[in-house]
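Okay, structure first, notes after.
Think of it as A, B, C, D and E in the order they're written, each chain with its own count starting at 1.
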């Protein structure tokens, strides 16, 4: 499989501030890569570099094997949705959608057809004659997506395309994008903050921090075997619970004060005895039960119970820190109730406290 | 309890387009109301009306018992976060945050303190000296929130304040907003598309469609007992499954072709025999099992299995339509597998197909 | 494979091609013309430009001329007043016009029309209006206020204000238009935000909108300042530089010496001094504008 | 709630409606319109004098009050200014140079605005090395008194073979309009969000397409300002019009100048005023028509943040 | 052949005068293409020079008679028309001969003088003096003496426009009449600074100071407005060149009855012989050269001279023509001219640069009562010293 996008040693500085640092990234033909990362980590900047909208400080970018480091944005065969929408204010929605096509001298009837199709997908048919100023936030965003969709390009760069949409429309569009991607087979680089979006859409997820890719892997891999503490904490909502302790008995068990958990079943490398490790446990991988089981459960006291539709999130005080656990919503738990949390070590993650890398 | 906000017969037209239609809404003192609704339904418009930024066509608005229909925005005692942020571009972040305070002649050291606190909550301390143009999308959004936070007002109007933030920050800020709200006891009207946000933050949720409030109730009520088909379909992600059938036996059972489900346990009013009803079943209220149980299960065939971190979403073909079911992520199901879905009728919803209202 | 970074000279060729006229005009006309002027200011060119080197003679004579000194002083006074008032009034009017008023078109046209009229005649009209014998003074006296005195054009102390009245009359309409164009470019959400912040309208203008209009302001300042430095027609038409030399301005000195006195060298020396003073203002500005930060 | 309905309807209609401010007579409106009207009077006063004078006969002007309306209205001065006033031997008033002026105006305005707006555009979105320096020199150029450049330009045009032709004059107007117009456009464009420009580049629009299809329609107010500036400047230009052309191309202002600026002999003030007002009609017309393009905040809603 | 001619005669009377020239020229089978530029020399001059420099010169152009064209001649841009002058016998015809001298450089003739304008006239309003109850003065001293009476009657004794050239002109008239033409010729012509600092000039400056007093309160700029004050009796008098005549004529006043003109201020019967002349740029086209020659000759033909000068209100440059239609004042002028009481115009003595400096000085002096005659004289001496 050829690489559709190849980023080599990409560095970008804004004046003195270095935003992207020596980045390397390969995206295969037809692959769907989602960029995730905290706000300000450089995701939009990376997309801008790929699109040729920022002059990079150093490095090279290849698209479909061609070195496009210095090519014009329009010559790169990309379509882009901007985080700030960037709709052309003086054009109607139809004008916004058809502008790129007209530039590419697509015949009029094809333009019509493409616009109509995009309008249908995005449910903006009735808005086609309006100008952006008369649209709601979500409607603007859909127009911005539409502008990319109508173009026949190999690579799509989407910067938070769905963030202003309601859940229903969002899930519809998510499916639609997935379907489009399957049908057109184009390459996607997609920025989102919605982990559901990331996990459902992505072939691979790139988790970034401070201009550096922390882990680039398939969603389940990222979710289940985060490469480091940052990725572990960043992915999953609510966040993974972390227990700061040590491994003892040559890596047979995890100890934190009185607490002793057997590490049997942990899928990791050589653990060994380490002074400072961090044990990561996802809220949905803990089971609340009434009885203690030595070496497998953690004693805890319920603090707060947050219902969230299908499930509730229960916040507990355990092992000296606050932990959260996901339980079915019917199971209401009064604050102060003492319970025990059963750990499924096969799904846990263990990190070295110094390097923050997974062990 | 007095009403903090009282909206009476509010109507707003943009030219010929009627965006808000005869709306009535009371928000109690200290209450946290979340506005939910499809893109373009008028949420931002409603907030703008409350803030006095749009001249309403008809109706009245009371804030803290005072008729403010024609009062200046600043005289209403509100703070607002705009969907488009509307940061002052030539001021630094610090300037943006402190501008309103300076204007209100708050002493300098208090301003310092408030800004510092907001910056800490929003993690924008290092950005205080930057101008908005040099911020990422999420950073801008946080500044916009900060601008409202620093003001001591009774009513906050938040328009999608967290939509551009990453999940981790979003959940942190969600908690922070909840805490602030608890501490300050101010009234909140909050637009979001994130159902988690809506469900966890809201005292009551107002679901809007086409400028009309469809249901205004506590989150669990909305989730479990949606007032009509629209609310049922809109809330919950993935969406509720709908089966179009009829009630038979004087309302004892639901029938759809061969399928026969007992309605015993349904918490509703007088059902009676109806020709056309719609049965709504949330994906998380269905349990996949291998054996059929007459009157309680629906036979189905697995179509697709979508892992989403903690759970998987399984799409099945059942009762002639596509249905989705939420299952633990470990339970992988191969397409084509025949299964049975057990219905918990106590959690189901039944709607009249003609009026679309809950029965 | 690894492509070299292309020669930056050939990037964005269309943009560079489009800039060629500007570059040529800049180099040949403005830079070239300036150098030409400066060089000739060291000659004793009279009717025709000639290379007849005389060193700093022209400058010596220039700075010995009371008329030149008076011109410079006048320019400073008139210039600062005119700058302040044109921008102030233009802005005020633009703000008023931006209040979604009715008859905007009519008001705008009224304010702008003076801009379209030739100074030769409007100077005359203002000369009449300000004339004590048949202008405002005589009207007010005719109404019964016998001691009323308003005779700016014949009082050396006041003549600059007389010019100012006419100058503002002519120029503020255009400044208003410029400012209005700037105001019209402001995102309305900014207004909403400041209204919610409880910032009074005047403060919003002063602290938010105007800073956002900084580029437009700079444009206005340059246009107004260039107009002031080149101020000529109005003075000729209204006062001919009088009474005495009380309303002389540098451009008039330049023009008179070049074409009336047929002493090009003197005119060039005077204009070189004017350009020098412009440079003194412009260079620090350019440094601030471009030197400090890099474009992203 | 029940007792609310018991209230007399009268109260709920009047008081509970709150006080919708009576827009027409609010203090704010009085302030706004008051100020505008006062300024309008200031702008109109000389105009009044001009119009009145232009409608009077010479004897009445010699005797009368300049503010007084004419006792006997005569349109003679207007007719004379337009079609009879003599310029040397040619006694056909302003009408003579009118078409020349139009011929000069149209290409000069268009070319100067196109060139300058493209400059401004290039200087905002397509910066190249040294572009700031050129820009600074250009601004500097705005301050150079034209008269100083008179002879160098003559020589330049002579060398280019354009001296005395219409195109030479158009070129001169373009060059001398360049500093201020470029500044005008460059500074206006710099307030346009860069994302729009980026979006258009991704959409495959090239240098020219972005200029024509995205920026130009968004910048109508500033184009109007530029048009106002150039139309006024070029239409009223006298010096360049005579210095760089030949007599058969002399613009109307030469006639105007001849009518109003004779050093010796009788000054016909009424004709002068009429001629000035007549000359101003074309710019006035342009102001009025182009004023419609002063659209409000078009960039609003394009971009978030 | 078409010949375009640039000049700055654009007002009604001037244009009519030019028309006479054009008719005469057209009668020769050529065509006069008119390119008039109003605004006087300072407006027209750069235009003329530009066209010459631009390599597209006009066929002929008008300049003030004097040193203005020297450089163009030196640069070889203007044609030598000595041949025409000799053929037409100008040397003998032109009166006063100084007019032709002003056209001559290194023995070659470069221009055709067409008229004589003189500055040395005092125009008095009979009505004003009647109102003040004093007889119309016959000379400058009387006039000065009657000033207080005029003031009392609410009449401005001397009308003076605010433009600089009017002040300098007034002074030069005082200088020519009070100190005498010789002094003027010595000072301006030879730059005699000693004389400039001397007693004679001191008297002139005192006279100028009294003229200043008399003109205090004239709130006008244009010369014709000043003339108008005389016409309407608001002012007692005005010192202005013979072109002021036209204003009186237009107002239908009769010389001798309604107004009085005193050439040489009634002090010394002398008039200057400034005026206008035509120059002919070098054009590389024999047809045009020929037409230029024809024009030059035509301009000085007696019929042209009469027709032109009657309309223009100036005096002809040749003594052998008959001006019967001339009015009183004009006739006085003709007499003086015939008597040979002429002096060169200041323009022929001074460069424009010097004139301009004088303008600056005198406009200041006449508008600012605080400048003493002595101080002004000192400045005057400085200008004379440095003049070239």
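Note that in this section a contact is a pair of C-beta atoms (placed from the backbone, for glycine too) under 8 Å apart; a residue touches a chain by one contact, two chains touch by 3 or more.
These numbers come from a predicted model, not from an experiment.
Enquirer: Between subunit D and subunit E, which partner chains are common?
Expert: Chains touching both subunit D and subunit E: C.
Enquirer: Tell me, please, which two chains come out on top when C-beta pairs in contact are counted per chain pair.
Expert: C-D
Enquirer: Between subunit A and subunit C, what distance separates the C-alpha centroids? Give it in angstrom.
Expert: Once rounded, the distance between the two centres reads 56 Å.
Enquirer: Quick one: subunit B and subunit E, Cα centre-to-centre, how many Å?
Expert: 93
Enquirer: How many angstrom lie between the centres of subunit B and subunit D, each centre taken as the mean Cα position?
Expert: 53
Enquirer: Hunt down the residues of subunit E that sit against at least two other chains at once, touch-wise.
Expert: 43, 46, 49, 53
Enquirer: Can you list the residues of subunit C that touch 2 or more other chains?
Expert: 48, 187, 189, 212, 255, 258-259, 296
Enquirer: Two or more other chains in contact with one residue: find those residues in subunit B.
Expert: Residues 83-85, 87, 137.
Enquirer: Which of the residues in subunit E come into contact with subunit D in the complex?
Expert: Interface residues on the subunit E side: 4, 6-15, 18-19, 22, 32-40, 43, 46-47, 49-51, 53-56, 58, 222, 224, 228, 232, 243, 246-247, 250.
Enquirer: Can you tell me which positions in subunit C touch subunit D when the two form their complex?
Expert: 8, 12, 14-16, 18-19, 21-23, 25-26, 28-34, 36-37, 48-49, 89, 92-93, 96-97, 99, 101, 104-105, 107-118, 120-122, 124-126, 128-129, 134-135, 138-139, 169, 173-174, 177-178, 180-182, 184-189, 212-213, 215-216, 218-219, 222-223, 225-226, 229-230, 232, 251, 254-255, 258-259, 264, 267-268, 271, 274-275, 278-279, 282-283, 286, 289-290, 295-296
Enquirer: Report the residues of subunit B in contact with subunit A in the complex, numbered from low to high.
Expert: My answer: residues 14, 36-40, 43-45, 83-84, 134-139, 141-142, 159-160, 163-171, 193-196, 199-200, 219-220, 223, 233-239, 282-284, 306-311, 326.
Enquirer: Across the complex, what residues on subunit B touch subunit C?
Expert: Touching subunit C: residues 48, 51-53, 72-75, 78-80, 82, 84-91, 99-100, 103-104, 147, 151 of subunit B.
Enquirer: Show which residues of subunit D lie in contact with subunit E when the two form their complex.
Expert: Against subunit E, the touching part of subunit D is residues 62, 86-91, 147, 150-151, 154-155, 157-158, 163-164, 239, 242-244, 246-247, 250, 254, 257-267.
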